[in-house]
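Just below is one structure, and these are the notes that go with it.
Letters A, B and C mark the chains as written, and numbering starts fresh at 1 in each.
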């Protein structure tokens, strides 16, 4: 089983970190993963994109043309990559920044106002973790336990940051489970 | 059992270099290889090594020249435009018979080109890495793990031959994160320093000198010795992966990142019953000539060269071995546009259906 | 009365430099200072490109011959992995002040702990007398046949003055080798630079005003007067920076 994810949005929206966290988490559950960032000349504010491939087998090509899951954080990313999503794939979009009526009816659409949810939780920076939570809840690609374990490895030295991220993850999973 | 880590290709290269004995690095910033100097700037001091950010690629490769003359395992890295600037120094390393490892994380060219990944430096790497008609062994790993394996052993080749070694990868493999298994730190001792090194004058009763300047007829003799060395590489050091070529009617030839995308296509087509295989050069110099030359051309109907550069650069090396016995097709993307699974698959299908790739 | 002996690191053969060329003198001075400091086994000569490269034939000690202009870069690599060796580069004006300007300025600015000895004779000797970055205004060369014109070629580069503006260098001085006093001062300057290096204190730079009888088309004796009249007024000898003294 091989699953591909494209994450995209504006620089600063946590796109790259979401991709790395997903890939790391997949490895933690014993799967194989590749993370490939697409880098541009801008250090800040440009567009951000990364491709993550997760598989039970060692990964041969890390360069799929079309992905199984497209996660977009803004309208620009949506416009650019919506046709790179496979038929029957999952579109997970930030409803705060992407229009409500997607162009495609052959994909499963999950629209979550992650910016609002993150604000409600008290930290807008957790939007990317909420999205990963939604993905986890909706696809079961990895389990909550392993995700928490990776977050602990990453933020273990800052208990308040860890706590915030785990809450964001749980909120995302709760939302995602409605789309299972 | 080594230590497993989820690492960026560039950082895996840097860590493997340290574990392989690298104790000196000099380099100059250029995308997409910056994680190599960044990593080594803190890592080398941890193991008693030295890191210098040079004022240019030219200066950096000459710093490596100096450190290597002292018998220390030294390295520099860059991307295409910077490798051009290092060309002078690499030629001098070859002339002075100094080992060193040079890493090229290549990008779109020519000129400043693009900072996005491309395999546009094949000809530079294999034919003329500098003036004067010399060669380096050129390794082209296709994954972070293979890069680790290559870097770990690179100085063994460089010191054996007293000649620089080039590792050619592209921006994808430099920036990809994958799981790697890291080998243990090689134990190096002062008494193991090469006997030719200029390190310790005391106790040595001969003059230590290293020079890239020679006159006739000595230089001709050295040129001939280099020629013998290159022949030796062809006999002993060729590394190649051949995959499902035994019964293949079509054979894809690709290296590095292109080979991974090509292999995915081969697997897909095999599942459909197509008799297709892959030849993946791991050393680009010495080139795996025999793997291509000795295919059964009563069976092989076509060779497909897939590279992430346009026009294809490896094609001439392939054609020299095919010798007109079957058609050679090429497919590529270039200038920072990446190869992808579907594109390569479609290109191969076109060949199978009798069209051009 | 001290016995006069050939310096131990000079090869046991006559120098092949042109008659009257001060490269021979400069090389001898360096070798003698190394003897005085007892550094024969510890010294490493980084040999540059130009007439200076002939030292691969005349230098009897350890050396590394390097690319044109890159001696300060190579010396950086050497010294960073082998700090205890006495390392010096001997560079001419084309090597140091034209093609190698970035390398010398950057090594000086990093405060690398080695010594650069700069032989300034205002011409490219080995290639046949072309204009150098230090060629004097009006000086005729094979590429400035009517004399160096600043309108198109700028002005002679003053390396001691440039390098002494940097924070890191510890000792920067210029000496003219056309008089016994100049030679004696140069010997002391080289010794001081080496001692600073051996104490691990940082970058030292010694410029030696030298001649080129062949390409200046003057007899060796006439070059001495020429230097007094033309070279020394523009490239003023003296200590440009000495942190040992400046700090006091």
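Note that in this section a contact is a pair of C-beta atoms (placed from the backbone, for glycine too) under 8 Å apart; a residue touches a chain by one contact, two chains touch by 3 or more.
Computed from a predicted structure; not experimentally measured.
Seen from the C-alpha centroid of subunit C, the farthest chain centroid is that of A. When each chain is reduced to the mean of its CA atoms, the one lying nearest the mean of all protein CA atoms is B. Computed from the mean C-alpha positions, the centre of subunit A lies at a distance of 62 Å from the centre of subunit C. Subunit A and subunit B, compared by their mean Cα positions, are separated by 34 Å. Between the CA-based centres of subunit B and subunit C the separation comes to 40 Å, rounded to the whole angstrom. Residue positions of subunit A in touch with at least two other chains are not found. Taken together, the subunit B residues at the contact with subunit A in this complex read 6, 31-32, 115-116, 171-172, 175-179, 257, 260-261, 263-264, 267, 338-343. Chain contact summary for the complex, subunit B toward subunit C: residues 23-24, 26, 49-50, 52, 54-56, 58-60, 62-70, 72, 74, 88-89, 92, 96, 198-199, 201-202, 207-213. Residue ranges on subunit C touching subunit B, taken from their complex, read 41-44, 46-47, 53, 56, 60-67, 70, 73-82, 85, 102-103, 105-106, 110.
Listed in rising order, the residues of subunit A touching subunit B in the complex are 20, 23-24, 27, 32-41, 59-66.
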